Each structure stands twice: as structure tokens, then as C-alpha cells.
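For reference, the structures are reproduced in the following blocks.
Next come two complexes built around chain A: one with chain B, the other with chain C.
Up next, the complex of A and B:
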């Protein structure tokens, strides 16, 4: 019993930390990106990452139902990761299509002079007095990795909560609790970022990731303890829904 | 035959997803919700008195999650009441859905309309100090387009959730239904549809339509912020003119995003299930089915990354470096 509780706690902590990492990897430009004044996706970190993670959660729930009992934790978590990754991939691709053909701008980074992946110069393509625009390759790759990480984290929390060998919550309760833990971590990460971020190449990422992950650890431990208490008292076993 | 039916339902879901996300984006454009709202909010402060509708209930994802969840909860309550009555009369269960889904979506849209009303009046009242009036014709004239566009999005999402939670029954393949209850599926897809509408469609409105009198082909400089384009082809522009413009590119592109996501998510899962020995009785090998789906998903993501790189390269060559000051 103790091992199961510890395992659930550890999985929730890992899932929470991965969720926070994912938000830091998102190329998020917020409101300025909607005017092509900043590089990245034109929405907030929490909104984008939650949208991606719940898409992954949907696929994870379908895949977890393949098994009558004891779903494979790693395969379900990976299914969620790939789901979130695809959501990010399509969203960033179509966003670029609108930037390029709807607004006529070239995707370029505003934070680095040279794209670290393609080694192409960015500065001369940038509109003066903006912070870049569109989703350049390095931000795209960062977003894909972020989607993978966030989807994996969310689905990992879900599968340990729903599996009858671990927490054994009902499907709906496990889904809501997983979403709750994910969103708590995403919001803390968004506060840490404080506005826009382009991805892992952004100097902001290096400067703030340690604080972000530490906060995620604290939040996830708190969430994990509540889940463990729910398991011990049997409050949510079988589910409230 | 049941497997073909599963694919057919998957295409129906993808089609509904396309419609839902397109209308979601256009609704947010009519109401100036989400990120470009910052400009509509800033404009009076910069001396640009306008006739745009101004609402930012919350981020689009949360706002749509609420509308869709209300619709899903009402629909589920009605289904729980109506289905036993239909069974007792020996009628098909589908009749219950035909009534429950539109009624649920109508309630969700009405609640959305109420939030839009309070939002517009509250926001514009706060702009009194910048001499921005509350135009009652703008207020009344935009509520119906907001409600109808929202209704189209919410009804499609609720229908998707209904199909997904009853897919096993509809397609005849055991275990094909999603285990989440209807309102939770509505919450999931409401969040996703809002996140996508906010991420993609807003660019066409915020970058191009709201600043159409500024030079095309450049990012909107910080000095332009708040200086929105207030005049249409004939007369003063309202947010209804924005929808007509964005319906030609931003809206359908946004719909395409969600449609493709839903299509490929379901497609790779079903292909994985076929690899895992799917039959009417269910899956023979769940691990192979899950692994197959993961493998296909990774390939799609890799192809997308390559496509994005090719697009970026093409644009750099075609458009060239920034010209001007």
C-alpha cells in the first residue's frame, strides 16, 4: 500500500514538473503576437498549453480504455504526449500560414540574431520596433517539445489516477483531477514567465526555468498529498461522478 | 462493416470540428474577444473613438469551455430524462439527442449572450473618461450575431461530444466510445476550440483587419497600437464588417486547424486499433494498438515540422528581408 501511495505521489510530481516545463517551452506571444508585434502564438501560455494537454488527455482516456484493467502507464502517457504534440504542431503551422498569407510577414525571432537550429539570420527580416513575428523553426521545435512534455505530464497524472492498480478513481474524477493539477502548474509557470517567451532559445527560459520548476515541485507535492489523502480515506475511490 | 462505420463517424466528427472552430473564431471577431481586444480597449485612450463591439469575457478557451459545458450538462440532463421514456415507448434513442443537443446549445448561447451584454456595457462605461459613448445600436445589433455564431460552435461541440461518448453504440464496435461523460468531453473540446481560435484566427483580425490602413507586410509596430482602422468601404466600420472579412481567410483556416487535429487524433487512434486487431468484439492486443497510434502520431508531427521549415524557407526567399524604415 505504501509503495502504491509513494508511486502515485512521485508520478504526480513528475507530471506536474513536466507540465511546468512544457509551459516554459511554449512559443507564446500573448496579445502582442495577435498584432504580429511579438514572436510566437497569439494567446496566453495557460490557454494554449491547457488546450494542447486536454487534447492529449482525450486521446489518453481513449487509449486507457483499450485495457479492461491495469492500463499500461507508459503507453497511455505517450499517447497523451503525442496528442498534445499534434495539437501544437497543427496550431503553429496554421498560425504561420495566417502570418505569411494573411498579414504578409516573415516568421522571425526577436530575441536571437541567428536561429540556433537553421543557423539563418533573423534580424533583417524583423519589422523595426517589434519583438519579432510568426513562429520560426526554433520556436516551432520548442513548441512541439513543449506539447510532448505537457501532454506526457497530464496523461501520466491521469493514468495513475484512473488505473485500478494505483489510485482507482473513476474516469471522470481522474480526468478532472488531472486537469486541475495540470492547470495549477501551468498558471504558476505563466506567472513565472510573466508575458511572452519564444522557447528554449529565449534568454528568459534560461533565467527563469529553475524558479519555475521549483514552484512546480512545491505545487505538485501539495496536489499529490491531497490525492494521497483522498486515496487513504477512500473519498474518491469509485468516483463522485 | 462496423470498422468502416467507425471511420465514417470519425469524418463526421472532423467536419463538425471544422464548422465549430470556424464559427468560434468569427464569433470572437464580432465581439472583439481575446487578444486583439487589447487594441479595441486601448483605442479610445489614444483618441480613436470607435464603433467596434468590445467584450473580453475571459480568454476564449475558458469562455467557450463554459458555454460548451453548460450545453453539455443541459443536454445530458435531458438525455437522462428522455431516453428511458423513449425506451418505454419502443422508439429509437436518437430522438432524445435530436431534442437535447440543440436545447443544450441554445441555453449555452443565451448565457454567453448575457455575459457579452454585461461585458460590453461595463467596458464602454469605463471608457467614459475618454469620451467613448455606449452606442446602443452597436450593442443591440451585435448581440444576435454573437449568439448565433456561438450557437453554431456550441451545437457542433455538443454533437461531437455526444457522438464520441456513444461511438461504440453508433458504429457497432465494442469499446469505441470515449469513457468521459458528455459534459467533460464538452469541457475538453470547448477549451481546445477556444485555445485554437485564440491562437490562429485572431492573427488575421488583430494584425490585418484592425490595422488595414497601415502598410501590409509588416508586424504592427508598438507605436501603431491603439490606432485601429475605424472606417469601412462605406461609412464607419463595425465589428460585423470584421466577421465578413475574416470569414474569407482567418475563420476557415482556424476551422481547418481544429478539423485537422480532431481528424488526425481520431485517425491515428483508429489505425492503431486496427493494428491491434480491432473487431466487433473489441481489441485483441491493446499494447500494439496504443503503440501503433503513438508511432503514427510521431510521424505526423515530424512531417509537420518539415512542412513548417519548408514554408519558412519559401517565405524568406519570396518576401526577402524587411524593406523600409
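Up next, the complex of A and C:
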């Protein structure tokens, strides 16, 4: 019993830290990106990450329903990661289509002079007095990695809550609790970023990632303790249908 | 001339506007909403329309807390803090319901259910909100430099949990997990609860923010959204429980919505410098 509780707590903490890391990897442009004057997708961290993570939860819950009992934790978590990666990929691809063919800008990074992946120079393509445009290659790769991390984290929380060898909540309870914990971590991470970020190559990433992960650790421990208390009452177990 | 006119414009709405939130300043509204919300939350068997009134008061408190913290600029938009409140609320609500479903979490006195257990969920989320507020504002952590963010996040944790709990009791009529799971969680209504509570808290300040934002006007909109939420929950309660519970809630919601929509539009018309009508929506005397 005590090992199960500890395992659930550890999985919630890992999931929370991974979701915080995911938000730091997103190419988020905010309001300036809506006018194509900043690199990234034109929305807030929370909206982007919640969209990706909920898609991940859908794929994860579908894959978890393949097993009658005891779903494989690692396979379900990976399928959540794949769902979130696909969602991030489509979002960034369509955003780039609109930026390139609609707004007529060249995707380029505003924070680095040379793309660390393709080794192509960025500064010539950046319109003066803007902060980059669109989603360049390095931001795209970073966004896909963020989708992997966030989807894996969200689905990991979901699968330990739904699996009958761990918490054994009903499917809907596990899904909504996983979403609640994910959102709490994602928003604290979004406050840590404070607006826009381009991806792992952004100087902001290196400067703030440690604070972000520390905060995610503390918030996830508390969320995990609350979930463990709910498990200890024994009333949620069994998933009454 | 311009200055005098501007002064008159500013002084006018306070006198003409009848429903004032001057008595309910930020602290008084918080204490009032906490007491009323907690009292309504521990009696899940109350008629749905009384719980609807409690939900509207809790929404107003949440919207006031969002206003208090978001006016200094969060960097990620106002919606994030409202969604954070309900994200907390879902975790606390499920924990509170789980504790209330145990045999020591609920007392039955003369056939009336008194669910003290849910208050444990509220207290845990107050702690989580306080810790996250300290993380977000602490100079060793994120250092957002927003005055009163610790208090704001504590209040949002409590308000989010109370909103989720009260809405659950409207739809299930009890906190017993065998009723809550089929009536609220497993049929997906919990997702509607999530987004309705988030809108009740984040939408008022998100719509009204700006240089001439006024607290009374912003709170009018939160009560109006409470009315819309009551209508939606009333329809859902008619399906999950019975028309006896649902229909009075729908009527309450419709009355609140119409009354506060009129009051909000009137306040906007009076406080704006000029309001040209587009003809798309029939505005009141505009």
C-alpha cells in the first residue's frame, strides 16, 4: 500500500516537472506574434500547452483502454507524448503557412544570430525593429520536444491515476485531476517565462529554467500530497460507474 | 472646459448608480463570500437555487481577486490566473468530495447532510494557493513583484474550490461519491463546471480592463456571468436530478442575467464619453 502511494506521488512529481519543462520549450509569441513582429505562435503559453496536453490525454486514454486491466505505464505515457507532439507540430506548421503566405514574412529567430540547428544566418531576414518572425527550424524542433515532454508528463499522471494497480480512479476523474495538476504547473511556469520565449536556444531559457523547475517541484509535491490524501480515503477507488 | 467636463463625467456615475459595491470592499467581500460559500458548500441538500446564489457570490469574489492581482500585469494575460484558480479548484474539489464521502466526513442530523469533509479540501487548497503565491512573488523564485499576490492566489484557491464544490452539489444533490461520479464526473459535466467557473472569474476583468476600469462595473459582469452559468447548470440539473431542482435555478439565472445585463450596459453607457450604436445588438436607449 505504502509503495503504491509513494509511486503515485513520485509519478505526479515527475509529470509536473515535465509539464513545467514543456512550457519553457514552447515557441510562444503572445500578442506581438499576432502582428508577425515576434518569433513564435500568436497565443499564450497556457493556451498552447493546454491544447497540446489535452490532445495527449485523449490519445493516452484511447491507448489505455486497449488493456482490460493494468495498462502499460510507459506505453500509455509515450502515446500521450505522441499526441501532444502531433498537435504542436500541426499548430506550428499551420502558423508558419499563415505567416509565410499570408503575412509575407520569413521565419527567423530574433534572439540568436545563427540558427543552432541549420547553421543559417538569421539577422538578414529579420525586419528592423521587430523581434523575429514565424517559427524557424530551431523553434520548431524545440516546440516538438516541448510537446513530447508535456504530453508524456500529463499522460504519466493520468495513467498512474487510472491504472487499477495504482490509484484506480474512474477514467473521467483521472483525466480531470491530471488536467488540474498539469494546468497548475503550466501556469506557474508561464509566470516564470513572463510573456514570450523562443525555445531552448533563447537566453531566457537558460536564465530561468532552474527557478521554473524548482517551483514545479514544490507545486507538484503539494498537488501529489492532496491526491494521495484523496486516495487514502478509499472512496474514489474502484471507479464506480 | 475639457477638465471640468471630465470631472463631471467621473463624478456622475457614482451618484446615479444604485447598486454600489462600496460597502463590500475587497476584504469585506472576501469574508462575506467565504462564510456564505462555506456554509452553502457544507449543506449539499439545499435547493439548487439557493446554491446558485452561493455560486454567484463566490464568482464575484473570484473575479474581485483576479482583478486585484491581474491589474499589475501578469505577462501572460488575465485568463491564466482564472484558469489557475479552477485548476486548483478541480484538485481541491475532488479531494474534498473524496474526504466528504468517508463515514467521518459527513454528519447526518435529522436527515440533513452536513459535509464537513469538503472544508478539508478547501483548507488544503488555501495552503497550495498560499505556497504558489509565495513562489510566484518570492524574490528567490519567480519574483513577479505584484503586491498582494500571495493573498490573491490563496483567495483564488479557496474560491475555485468552493465554486467547483457548490456546482457539484447543484448537479448531484449530495457529495456521496456513488452519486457524484455518474451525475457529474463520468458524464463529462465536470468539464462544463471547469470552464463555467473559469469564465465567471476571469472574464469580467478580462473584458473591462483598461485605464478607466471601475470595480463596481467589473463585478456587475461577474454576477451576470453567474446568471448565465445558473441557466446552464439548471438545464443540466433538470437532466441529472429533477425539474423541481432545475427549473427554479433556470428562472433565477434568467432574472439575474437580464437584470445585471441591463445594469452593466447602463453603467457602460453612462461612464463612456460617447457610444455610437452599430445596430447589431439592440442596446438600451443607446
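Criterion: the second predicted complex is superposed on the first by the 236 of 241 C-alpha atoms of A that agree within 3 Å, B and C clash if a C-alpha of one lies under 4 Å from a C-alpha of the other, contacts with A are read in each partner's own complex, and residues count from 1 in each chain.
In this text, a residue touches a chain if its C-beta (ideal position, glycine included) is under 8 Å from a C-beta of that chain, and two chains touch if they have at least 3 such contacts.
This is a predicted model, so every value here is computed, not measured.
Superposition note: with chain A as the common reference, chain B and chain C are in steric clash.
Of the two partner chains, chain C is the only one that A:188 touches; chain B does not reach it. Looking at the shared chain after the overlay, A:233 reaches chain C, while chain B stays out of its contact range. When the two structures are aligned on the shared chain, A:176 is found in touch with chain B and with chain C. A simple residue count on chain A separates chain B from chain C, and the partner touching more is B. Residue contacts after overlaying the shared chain place A:215 against chain C, while chain B stays out of touching range. In the superposed pair of complexes, A:44 makes contact with chain B and with chain C alike. Using the contact criterion defined above for the overlaid structures, shared-chain residue A:17 touches neither chain B nor chain C, since it reaches no partner. Working note: chain C versus chain B after chain A overlay, options 43-51, 61-69, 151-159 or 277-285, clashing stretch identified as 277-285. On chain A, the surface patch touched by chain B in one complex and by chain C in the other comprises residues 30, 44, 46-47, 50, 171-172, 176, 241.
In the complex of the two chains, the chain A residues touching chain B come out as 30-31, 33-37, 41-44, 46-48, 50-52, 54-55, 57-59, 61-67, 71-72, 75-76, 78-79, 82-83, 85-87, 89-107, 118, 120, 124-130, 132-137, 140-141, 144, 171-172, 175-176, 241. Put simply, chain C touches chain A in their complex at residues 74-77, 79-81, 83-84, 87-92, 94-95, 98-99, 101-102, 105, 121, 124-125, 127-128, 131-132, 135-136, 141-142, 144, 177-178, 181-182, 185-188, 190-191, 194. Within the complex, the chain A residues that touch chain C are 30, 44-47, 50, 170-173, 176-177, 179-184, 187-188, 190-195, 211-212, 214-215, 218-219, 222-223, 226-227, 229-231, 233-236, 239-241.
Within the complex, the chain B residues that touch chain A are 34-39, 59-62, 175, 178-181, 184-185, 187-189, 191-192, 194-196, 198-208, 210-211, 216-225, 249-250, 253-254, 256-257, 260-261, 264-265, 268-269, 273, 276, 283, 286-287, 289-291, 293-294, 297-298, 300-301, 304-305, 307-309, 311-312, 315-316, 319, 321-322, 324-325.
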